[in-house]
Structures are given as structure tokens and as C-alpha cells.
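Paired with chain B in one complex and with chain C in the other, chain A is shared by the two complexes that follow.
The block that comes next holds the complex of A and B.
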């Protein structure tokens, strides 16, 4: 080793590193610890998150909770319940209720995807699933309107009931549009808000129209 | 100080290596096996931080392992073939690291490409302001007078896309109020298929004709032109689906539909040279555009038969009692349509 006597490490470069190697793999995130909790806790936590988002939709303040932890459970539940309630309103009794359910499902999800792509193309800063989440959750007022319409239709289907349904649906449509605009328009450049709001308006208009023209058999 | 320095550098190298292994340890689950065995760092633990002689011993051990592997691996020759080139790089560990890096890099690159390539291609066509959209909507109803030099067409897709969706919504409304029964498929599917099919199909067809007739127009411009031409359709259908008077529809058809057709025709004429070519191109576009509006009205329009009977008496010509089922059209309708077209041309 005599020839290697002049090789040395410079004082500036710190020698560092882990000498001990961890045995076994340690998971990078700590969420795996939730694997041990009872199922009820997991479900309740998710339900509480969904419920909190429902409250955010009904009282739209400019909070980022809806955007930060997005989830698609709420939209799925709303979409399925709306589609189920809209079923059975076909004009011909020979038609099965199949296409109606698929229609509503496809309208909601396809429409939400198109609006998201549109807002991204216009220069929005929101991510794909966040936008889907917001649009899905803002269907809540319209689902409530559908429920009210069904109840009103149980009572009768005359002009008075039509007027009541019209008022309720229009009010909920306005609420939906305002709620989703409050969340989504912030992520757009300020002079293009109208360009993003119009498709949202059209989207909820189509859904409201389907609710209003629903007549049970 | 010689051996001391050596062990220090050995420790540094060994520590560096195990540090690297710990870094890449997170990707272990992404390894698809390949041909190499996953290195068990517990065994390496004995040799890391040790002196130079042990490193040499370790290298020797790895070489022996590789020779064993070579002997066994008859079937996995292709995979080993890849790794043989890496033998120079510290053997198995180098192989693993390089393989992981390549896979991660490839995955990221393909993800980035598929995500960004798709959206960014369309981004320049959506670069509009609301004022511009409104101006273009109004302009689409005003035929230009100057056809001696090519008119400018904005290659924008936001306005046309929104107009097509608006048309879909209006069509849905019309279908719902007319109780159209679609046996195979859904209302929504029919509406979307009709509107998008018209927009994309007729645009492509006219673009093809323009290519044949040497007209100066690109595909995006054609899509944009036809899309904005649907504004007239939207207005007409919106009004006439709610107010069910046939004479009103004909007035709107000629007036509003005619204006938007004239605008499109004028723009195309300004970009085409030669009388025959202009005639072919503009005749086709005008015919398709006007016929589409006619089709949309008659196919999805509810005839309030009872009211019409009481209002207009029993002398109604049969063609007005049209079509809950599409597209059964009687001779009278064809005659009237032909007359109407003759009037416009």
C-alpha cells in the first residue's frame, strides 16, 4: 500500500451516508397504519369527508377543501340516485328503463369530462379529477330538486304542480351553477371566466331539463 | 496512515453504495424480475464498510455467481443478453440500478407524451376571449360583400364546439317535447350523433371538395366556418321548437338559415377561383346546410295535431301531419321542399 499513501480525502467534502442498512422494506408513507383499524372507522372517515363536501356545496364559500382532497364517491352516489329517480319516466310503457339510466349516467360523466377538458384547454390550473369532483358534487342541489319533484308529482300533476316544480328546479339549477362557478372560476384567468361558465351552465341546464320534463308512468 | 485512509475510503464507497441501494429500494416492487436476482442487502452488510481486501473478495463472489447464472440460464438468454453488457458496471448491482432507471425513465416519458401531446395539440385553437366569440357569432349572420379577395377565417374551435353542444341541448329539448321514441339507442346518443356527425362529416366532405376545386381553406378553418354557421340553426330551432307554427318555421328557415348560409358561401367564393368550382362548392354547402335545418325541424318536431285541427279546420294538406317516426316523408313534403330550394337558389 505504499504507493497509495498520498491518496487522501479533501477536508471540504463531507463523508456521509448510511452505514447501517435497514432490514426489510419500510413503506414510504405512514397511511399503511390504517390497515389495522376496524372497518367501521374507515367507512365513517370516508362518509364524514363526503358529508363535509356536501355541506360545502350547499353553502358555497371560497374554501379549498373541496379541491384539496377530491374524491369521486359523492358524485357517484349522486349520479346513481339521480339516474334511479329519473328512471321510469318514459313515454311508451313498452320501453324498458334501461336507456334512461344509461342516458343520465353518460350525460353527467361525459359532460363533466368535456367541461374539464375545456377548462384545461382555456388555461385553467385545476387538475382533471379535482374538476370532476367539483362538478359531480354540485349535482347535489339538482338531486334534491328531483326528490322534491317526485314528491310533488305524487300529489298530482296539474298546472300548480308544474309551477312549483318549475320554481324549484330553476332555483336549484341556479344554485348548482353558482356553486360550481365559485369553485372552478377561480382557477381560470380572470378575463375568460365567461368562457368556462357557459359550458357549466349548459350542462346543468340539460340535467335540469331532464328533471323538469320527467313524468312518471 | 495508509491503511486507515484506505478503510475510510472503503467505508465511504460502501456507505455510498448502500445509500444508493436504500434510495432505489423504493422501486423494488417495480422490478419485473428480469433475469437478475434481487440483491439481498443483508448479505452485503457484512462487506460494506470493510477494507479493500473484502471488496475484492466480494467482486470475486459476484463473478462466480454470474458464471453460475450463465451456466443455468439457457431459456432466459435474451434477458441475460441485455445484462451481459452491464457486467462491467459493478456486476449485479449496476445491472439492477440501470434497469430500474431505464424502466422509470421510459414510463415517465410515455406518460408525459400521452398526456401532454394530446391536450397541447388543441390548446392554440382555444385561445379566445369572450369578446371575440361574441363578435364572431354576430359576424356569422352577416354575409360579406367583398368577394374579390380572400376573407379571413379565424381557426378557432371553442365557439364551434360550444355551438354544437348548444344544438345538442336544443335538439334534446325538441325530442323530449315531441315524445320521439328511439327504439335502438338513446335520445342523447341520437342527438350527439346527429350534431357531431353533421359538423365533422360535412366539414370533411366540403374540405375534400375544396381540395378538388382548389379552394384556399384548411380543415380547421372549415370546421370553424361550419361551426359558426350552426348559430343560425340554433336560433331557428330554439324558437320554432317552442312556437309550433309552420309558416314561422319557413320564415326562419329562409331568413336566418339563409343568412348564415350566404355568409359561408360568400367566404368560400372569395377563396375559390373559377365559376364551375365556385358553383360546385357553394351549391353543395348551401344545399346541405339548408337541408339539415329542414331535417332537424321535421324529424324531431311535435305536431300538435289536435290544436292544428281546431285552428285551421279540416282542409289541411296532408303533408303537415308529419312524422313522429323518422324519416317517413310524403311526396307532398318532397315537392314543397324542392320548391323552397328552387326559391333560394
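The block that comes next holds the complex of A and C.
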């Protein structure tokens, strides 16, 4: 750019041109109003957002999309499906068996709230619902593991099936923990990262334990 | 103010942060009553006592002693007030855990590690870990013991998690409350040199439960002798930390009351261990046709009524 130093614009050339930016047919107000669009568009937009977040969880890269546009649809769907799949276990009349639907629900949501509070109390900068969103979405690998376990149990419940289930659950547990850590670790103060990651580890460990010990009737 | 209000409406989920950041919040100093006398007394008593914690962490100790008065100055309805209880770094938590497992003779756990910065992170998460460790280990141990018996059908026994949670959290919070009330009451009768705030007692109890986590994992081994050796060993370690913490607080009192207090502390600690062992872990050599029958009533968490 050294050559341009010699170029000078003389003062008496008039400035010309349009300074209004062509906006197009809608005014700025219409861009944010979604009342007039067909219902299908609304639903598809939300579904696409949820689907995009699922993809983000399966391939955890450091992206801010999951954090910025949080929603709780995905966690709700995952939690309900996981709790439903954990039913139909060996429920004796003494009901000393597996967790009830309400117990799974409460563990997941209460656990996520407690972990979020913990990270905020330790000085984290992430907002409450963003953290809930991330923790809920990262239950996806464990839900997949539950599905696989149920399918394997259909084939039989011997030692081989147990080993397969163990490997699958352990792998998905690792994936969940790593995915949520990848999203959450940056918002924590640097010398407290382990303090924040450990409860997440405990949370997914408990869910994995519930999945692994599921025994059909 | 108007812009602040609009911002509050726009960002609902950041409400807590904004409230904490409100510069107009008046700050009231509500130090706990036992805190200030403890600081003054501990400085006065240092040359005279055998605890030589002057040798350890000189700069940090001076700074934290100085900052102790300004610690909890936020009003209790703001988020920042509760953040002061989580003002610990990873290495501090690890140090406190180490201090609760390896009692150093002559050193007081509270003086050494807590130093007017009691945290609630350790007690809460150690209790949570212990709850799940006991439930999981108990389930695993029963599974291995009854494996191969034809009448045995594995159940995850999920109910036990809630029972374990109630017991352990009650122990970790009600016993310190009772102990603190008792020590305050004795303080009004006999001038004790050392007194602890409620949070410091909760902290000591919480960290002293840490030893039971590896113990519970090792209880999976289905040998009676091994289990009882483990109970004794962990009881000695964490019991000695508790005794060394609370002996200075009661030593100036009537000798019988002091001994009874310390004895009760150790007894309750032992009861928790033995109770968990009896309830969650089946006896290895007996033949059980059905899953475990509760042999331990949880109502041993007594409230002191002296």
C-alpha cells in the first residue's frame, strides 16, 4: 500500500451517490414478527434448531450456537424418552426395583439444576438456562445407549449381553461427559474447572448406572 | 434505573446476575457472632498453645485473617452472599480432603485448612458422592454375594438411594447443628477459648465423611473381617480428625462434659459407618432367600437434649 500514499483527493470534487441502503420489500419490523407465517414454518424452525443441537452434541466442537440459542425442548424429549425406556423393569410388588418414571425425571432435572447452581456459585459466567440446555442435550448419547441396551436385552440377558451393554454404556458415558465439558468448561474460572466438571461426571455416572442396571421383567 | 428494568425484562434468565450486580444494593455486615471472638481469641492464644500453625502458610494466613472480617458482607437475599461459601479453588478443596484423611497430630483441621473460609462445596458434594457410592457399592456387593443362587433375581434397589441420601445429609447437617448449639450453650456457661461457627463445623463434618467413600467401595469385598477392619481403620482416621478439632473447644469445660461430648461425636460417627454397612451390604456368609431385610433403624441421628 506504499504507492497509495502519493494519491491525494482534491477538495473540490463533489461527493455523489446514494446514502440510503436498499432494504428490500419488508420493513425491519416484519423481520421479527412471526405471527403471520404458517404454523408449519414455526414448527419446522424449532425442530430444525433442536435437530441442529443434537448434531452439535454428537460432534462436540466448540460452537456457540448451542449456548446462544438455548431451548429446553430437546432435554424434555430426551428425559421423557429415557424415563419411559427405564420402565418395564423388574418391578416386584415390593417395588424395590428400578427407578420409577418420576424418580428419573426428578434426578435428571434436579441434578441439572443443582449442577448449574454449583457452577454459578463457583463464579461461572454461563447463564442458568444455557447450562440447563447443555446438560440436557448431552443426555443424548446416554439415551442412545439405553436404546441399544434394550435391543440387546431383547436378544438375551446373559454374560455376553452384559459385556456388550457395559461397553456401550461406558462409551456413551464418556461421550456425554466430554461433550458437556467441551461446552461448559470455558465459562468457568480457570482454577476451578475440576470443581465444576466433577459434579457433571457424577451426574452422568448416576444416569449410566440406572441404564446399566436395567433388568427386564 | 429505567434501562436496568428494561434489561431485566429482556433477559429473564440473567436476572440473578443483574440483581447481584446492582450497584444500589445496600450492604449489611452480618458476621456470625462466633466469628469475631474466634479471630481475636485465636490471635491471643497462639503463643500459648502447642498448635504451631505459624509455621505453615504465613502470608496466606495473615491475609485471610485480615480479610475474615470483610468476608460475608452481602445481604443474605443476594446471590453474592451464597457465592462467598463457594470461594475455593481446586487445590484448596484437595488440600482440605487430604487434611481430613491424614490427621497431623497437634494440628487443628479448622485452623489449618479452613481458616475463616468455610466452604459448602466440599460438604455438599462429598455427601452426594457418598450417597451414590454406598448405594452402588451395596447393590454390587449384594449382586456378587447372591450370584449363582437359583432363587436370586437381581433388582437395582433404587429405593435405597433416597434412604441413603436422607441419612447422610441428616448426619452432615443436623449433627453439626446440634453440636454447634451445644457448644454455644456451654460457651455461655464456661468461657471457652476456642469456638467454631456453624459453617466451620459443617465443613469439618463434611470433609470428615470423605474417608467413607473409598471405604464403601472396598466394602464390595464380601469378607466380614475385611469389612470390619475397614470400618475400624476409617473410623480411626476421620474420628481422630474430629476429636482433634473439637477437643480444644471443650477442653476448658468440666472434664466429664468434655469427655462425654467428644465421646458422643465419635460414637455418632461410628454409628453412621456401622449402620450403613449393616443396611446396605448383606452379610456375606448367610443364605438369603429374598433381598435384604433392614436391620438398622435410621433414627439413630439423635438430637442432643442436655
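Throughout what follows, the second predicted complex is superposed on the first by the 176 of 217 C-alpha atoms of A that agree within 3 Å, B and C clash if a C-alpha of one lies under 4 Å from a C-alpha of the other, contacts with A are read in each partner's own complex, and residues count from 1 in each chain.
Methods note: a contact is a pair of C-beta atoms (placed from the backbone, for glycine too) under 8 Å apart; a residue touches a chain by one contact, two chains touch by 3 or more.
These numbers were taken from a predicted model, which means no experiment stands behind them.
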Touching partner for A:213 - first (chain B), second (chain C), both, neither: both
First (chain B), second (chain C), both or neither touched by A:19: first
Contacts of A:103 with chain B and chain C, given as first, second, both or neither: both
Partner chain in contact with A:198 - chain B first, chain C second, else both or neither: both
Chain B versus chain C, judged by how many residues of chain A each one touches: B
First (chain B), second (chain C), both or neither touched by A:137: neither
First (chain B), second (chain C), both or neither touched by A:122: both
Overlap of chain C and chain B interfaces on chain A (superposed complexes): 92, 95, 99-100, 103, 118, 120-122, 191-192, 194-195, 198-199, 202, 205-206, 209-210, 213
Residues of chain A defined as touching chain B within the complex: 1-2, 4-5, 7-9, 15-19, 21-23, 25, 28, 91-92, 95, 99-100, 102-103, 106-107, 114, 117-118, 120-122, 191-192, 194-195, 198-199, 202, 205-206, 209-210, 213
Chain A residues touching chain C - in the complex, by the definition given at the top: 89-90, 92, 95-100, 103, 118, 120-123, 127-130, 191-195, 198-199, 202, 205-206, 209-210, 213-215
Contact set on chain B toward chain A in their complex: 1-3, 5-6, 8-9, 11-12, 14-16, 18-19, 21-22, 25-26, 28, 41-42, 44-45, 48-49, 119, 122-123, 126, 128-130, 133, 158, 161-162, 165-166, 169, 172-173, 176-177, 179, 181-182, 185-189
Residue ranges of chain C touching chain A (in the complex, touch as defined): 13-14, 16-17, 79, 82-83, 85-86, 88-91, 93, 121, 125, 128-129, 132, 136, 139, 153-159, 291
